[in-house]
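Letters are used for the chains, namely A, B, C, D, E and F, taken in the order the chains are written, and counting of residues starts over at 1 for each.
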Amino acid sequence: MRIRVVNPNTTRAMTDTIEQCARAVVGAGTLLDAVTSATGPASIESHYDEAMSIPGLLAAIREGEADGVDGYVIACFGDPGLDAARELATGPVIGIAEAGMRTASHLGRGFSVVTTLERTIGRAVDLTERYGLQRFCLGIHACRVPVLALGADPEARRVVTEACRAAVRADGSDAVVLGCAGMADLCADIRAEIGVPVIDGVAAATLTVQSLVTLGLRKSGRGEFARPPAKPYAGLLASFGSG
Amino acid sequence: MRIRVVNPNTTRAMTDTIEQCARAVVGAGTLLDAVTSATGPASIESHYDEAMSIPGLLAAIREGEADGVDGYVIACFGDPGLDAARELATGPVIGIAEAGMRTASHLGRGFSVVTTLERTIGRAVDLTERYGLQRFCLGIHACRVPVLALGADPEARRVVTEACRAAVRADGSDAVVLGCAGMADLCADIRAEIGVPVIDGVAAATLTVQSLVTLGLRKSGRGEFARPPAKPYAGLLASFGSG
Amino acid sequence: MRIRVVNPNTTRAMTDTIEQCARAVVGAGTLLDAVTSATGPASIESHYDEAMSIPGLLAAIREGEADGVDGYVIACFGDPGLDAARELATGPVIGIAEAGMRTASHLGRGFSVVTTLERTIGRAVDLTERYGLQRFCLGIHACRVPVLALGADPEARRVVTEACRAAVRADGSDAVVLGCAGMADLCADIRAEIGVPVIDGVAAATLTVQSLVTLGLRKSGRGEFARPPAKPYAGLLASFGSG
Amino acid sequence: MRIRVVNPNTTRAMTDTIEQCARAVVGAGTLLDAVTSATGPASIESHYDEAMSIPGLLAAIREGEADGVDGYVIACFGDPGLDAARELATGPVIGIAEAGMRTASHLGRGFSVVTTLERTIGRAVDLTERYGLQRFCLGIHACRVPVLALGADPEARRVVTEACRAAVRADGSDAVVLGCAGMADLCADIRAEIGVPVIDGVAAATLTVQSLVTLGLRKSGRGEFARPPAKPYAGLLASFGSG
Amino acid sequence: MRIRVVNPNTTRAMTDTIEQCARAVVGAGTLLDAVTSATGPASIESHYDEAMSIPGLLAAIREGEADGVDGYVIACFGDPGLDAARELATGPVIGIAEAGMRTASHLGRGFSVVTTLERTIGRAVDLTERYGLQRFCLGIHACRVPVLALGADPEARRVVTEACRAAVRADGSDAVVLGCAGMADLCADIRAEIGVPVIDGVAAATLTVQSLVTLGLRKSGRGEFARPPAKPYAGLLASFGSG
Amino acid sequence: MRIRVVNPNTTRAMTDTIEQCARAVVGAGTLLDAVTSATGPASIESHYDEAMSIPGLLAAIREGEADGVDGYVIACFGDPGLDAARELATGPVIGIAEAGMRTASHLGRGFSVVTTLERTIGRAVDLTERYGLQRFCLGIHACRVPVLALGADPEARRVVTEACRAAVRADGSDAVVLGCAGMADLCADIRAEIGVPVIDGVAAATLTVQSLVTLGLRKSGRGEFARPPAKPYAGLLASFGSG
């Protein structure tokens, strides 16, 4: 079984971290790799960044199809391009927000989300509605650390940890979902420090994909998520026109 | 006052129709133009097409800002890129699905939507939830006419008209919302034939924008919809990196 | 095009203010007037007042129909009598709560409402549900200034302004909706002072009606909002019996 | 204990039937009477009729307060004027739609409503939302018999019965709620004929009021439902101004 | 008419209190008794306790059917076993959470619940959703007094009273629902002390059952709540197998 | 890693089938066994059966804790006793309804459920609400085959298959969830025959538990799902009193 994690931003160092965290959880028979988007923003911190990350993400999915990949993880907490990726892929595609929050919902009455910048909270709210998780999501909090500072800044780990601790107290929640793929490698430490389950969506999504592939489940080839109709594309993105 | 209608597909003939329909409703003091996206799909009929239309749409918004445009209409019934466009624009941005369905909600208990291909129904469902319009939307129906056939095929008009008539009967609705910018010029005729209010979202969104500009309303410059943080972009889309 | 704004309370001075604010926004070709209800409460600050304002409002609508009015605004934030008015009128009827809150929803993630007395908050809550605006309405706050003090009391303006500023801070909202027609003339000043979009429902509803009339949209003549069946009425209200 | 059932239309014969049905269920110590509204429509079959019935209803509540009445039933399936009546009354006020549908919710998974004219269905839908009963209400159906024909027309009983039978079959429901006070005296017969629980809201509301009074429960005197502030009223309704 | 209140815990002293409170409100013609479960927990303070109380509760219902009981109250605020009890019983079965919260909903905009231990709050939340009462329930608060301390501890009354007072202030609610059958005898005193309506679910449910029996309403014998199919049961609970 | 599947009915043959289906999907390092409840109904086809299955289920969980089990599957589509089991267990507990339906939600717009007897549909509806899956569940259908006939009756396989095919057509769904643990071994064949993804909740839940254990996730030890307080139990179930 081949699973591919797509980092939809263009920062290779972040892909490396993500790959490590995903590899740590898959089963013996699973080949896992992670790829970095070839085009788009260095990090995703706005609706604009998210929208502009999708062509690169979709190119990676198409490449994956050519490589015979069995399932994909979208490693950004906005779950960018999920519907379009599902149209392209033969196997399952899972975003880390969906997987992280759903996993947390199994652990108690409700969870908190700790995300990066305040402006990303709105997207997380939208996703709780899309996935039917409003009644489990007790609060969404920003730690105000930019995505790329998560890996670089030694202070960041402390700030994120304290934001998680504060979120649990404020919301009375049973678990914390880390709201950025760039926090994946902080998960175990934060859990140890605050004594509450902490969920990294990258690992959670990887195992969700592995489970779906094990179950032999693929999307139905008909209807809304069938492959998109082929048609001409113009301009800078003309090469995407093979549909 | 300058309003710009952005056609996020790359088919100029469709832009011409849209422009005509939008111009027909604006006030004396409003300058209105319509622009065609410079890159992306010839028509939008899948999540993939929609995602790939957004870079072109956002480039058009950026150009609009340079031109001093006061407000924008996104002329595709999926309201693609709405959140990102709101981050870029100083003035209001309205999608035709939001405007068309909201306008219809003022006319009675509920409306039907008639869209193009069946696979586009799901996106329309998502939008009714996003805008809080589920209780007004009594049904969403596909006429099974592809977007570009709407203008070209003489039979299309009849098929769309019959789909509208059938939708009203099936749903017991008070009005029909046309679920594609390419249906804009069919609106008056269908209304005349079926004797029920029919709403073209292009005209509805244009007047919503005109109203917002008249009221002097712009988004708050703070928070989720502030201009996105500047950052490096790589690859094919590197030029979008000025954020 | 003739638009009529109906003030459903009996205080003529408030009608004058409302008329001025509505006139300031309509297009060149729109004739706008405002009328004062001939019967009922001097101000609307309870469910009782609201219920008792409706006969006068409906008489004004009937008169408007005789005068060939093309569309109506109900200038009270409880949107009293909206369904009944829609039965009587041939053209569109819009309440200022619906228009104000919907307009605000276009400007960001969510808005706050600032209303008059605390006891009016409940009605505003009900209206957010009716119009499907719960997810956009982040808070409803009372400034505790009675309706008729809004125009008379020089201190009132300051109190309302501070309530708006506090609401934005408490709710993290992107805009404020003024929750009383009697606040219409405060709108521009408050906006200037607090630096956040502030929406006056009277102006918003007037432009919504103007847009609907421009689009040629009238309610369907069938079903729930058809003219009510004629029947005998007894007692004080016998004259309303012509249905 | 004194309970008063208010018929908010002006048809005395209907009041007599209602009174009989309500009297049949109250306890030994309960004094029950029914009063006919002194002003407004002969029957309530539109939003207009409903709005115009409220002044007469509220006058009856005020009279009841002078008479020392302990609780009230509003005997129209639109529950007209409920909020305003609660402001005026010291004891509980219950509408027959609320009581009938809530009672039905205790009997199984869900119920059907059978109302009079099709145009009244919308109001019933609104009330299921207001009372949080959407998940129990499986369908609302019109029997197309006008209110005043219910008592007069010998055929009406058969039509209503068949509509109830058809509703149960169509909705797979466990019970039927009769959607008009004028159907109160048909309840036992329909139940016997179709072999499914049938609920008359008049009897159900009467017992709900009796229970509330027995429990010594009155609304809190503070907040939204405190007595409305006194203020001047003008015109035809000037006498209502004592608040 | 025979009504039986089932205390689903095995503490007879609590049954005595409950019986007294229920008897105090029934009509002259109603025979009321209360029974203690023969097996299970001494008090219900967890999902585990609740689940383990149900066999004893259902045995009591079966006994009641043999005794010709006309309706039942389940006297625990988790409404344990309600669906199963409705399958077994011919007459109505009402839980005290449903009855208490619904009764409170008639008294104003919304109510608070004051329950025992914090860990029981989750179940109360679930029940507000099940009964469609979310919009009326403004807050659920724990007084942190264990169930069996309610009767025994002289301090408990004061703690519960203060928790009720605090809940009203925090939630701005119109009424308080007592979240445990063991608080039934505190109801009148708390109401007197805090000056706001306080509802005991035991009394409320008893009168709801009395009303349903008076109305001649029984569940439909078909469908989901028909008597369960007979089948073999094994082990400790083999005697329950008569279905 | 040790995972235990608990069959909460007392039919050993069904446990064998379930065990086989669960074993087929787990990873190399996972020890999986399935146990049959020691007490309660031979099959679960009513709310009564479900309630009576819970003591046996909880006894099995307690035994599992003594055996050092890391996670549990509840193998009945009603997810009986889930909350109580979560209180008892240190590791994760997942019901097959939750896992099956959630897994299906990853495959497209929505799924159908095919359950056994019609009277079980209501419970499935309740569970879609509890898990926030209403918008993904497009229909719930009964095949009218009793649970124990699923394994025994050669005709049953055909009936279930046709019910699945019909459900997809009626609902326009992307996948079918099998609504009974007794259908686990039919899954592959039905999928092959109808050409649409078919989900067996037993396998889905087993992999969900395996994923949670791999991620090192346990419920937080505090709050609602902490171990229940110890207390005396009386009567037949006295031995359950060790809490």
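Definition applied: contacts are C-beta pairs under 8 Å (C-beta built on N, C-alpha and C of every residue); 3 or more make two chains touch, one makes a residue touch a chain.
Labels paired with UniProt names: A, B, C, D, E, F = Allantoin racemase.
It should be emphasised that the depicted structure is a prediction, and the values quoted were computed from it without experimental measurement.
Contact count check for E-F and A-F (C-beta pairs in contact): higher for E-F.
Comparing contact pairs by residue number, the interface of B-C is reproduced by D-E among E-F, C-D or D-E, since over half of the pairs coincide. Both chain D and chain E derive from one sequence, and where they touch, over half of the residue numbers involved are common to the two copies. Distance between chain A and chain C, defined via averaged C-alpha coordinates, is recorded as 44 Å.
Centres computed as Cα averages put chain A at a distance of 29 Å from chain B. Residues of chain B in contact with at least two other chains: 86, 109, 122, 129, 135, 223-225.
Contact residues on chain D toward chain E in their complex (touch as defined above): 25, 27-29, 86, 92, 94, 98, 102-103, 105-109, 131-136, 172, 174-175, 188, 191, 196-197, 199, 203-204, 207-208, 210-212, 214-220, 222-225. Within the complex, the chain C residues that touch chain D are 10, 37-43, 45-52, 54-56, 58, 81, 83-84, 86-88, 118-119, 121-123, 126, 129-130, 146, 223-226, 228-229, 231-238, 240-241, 243.
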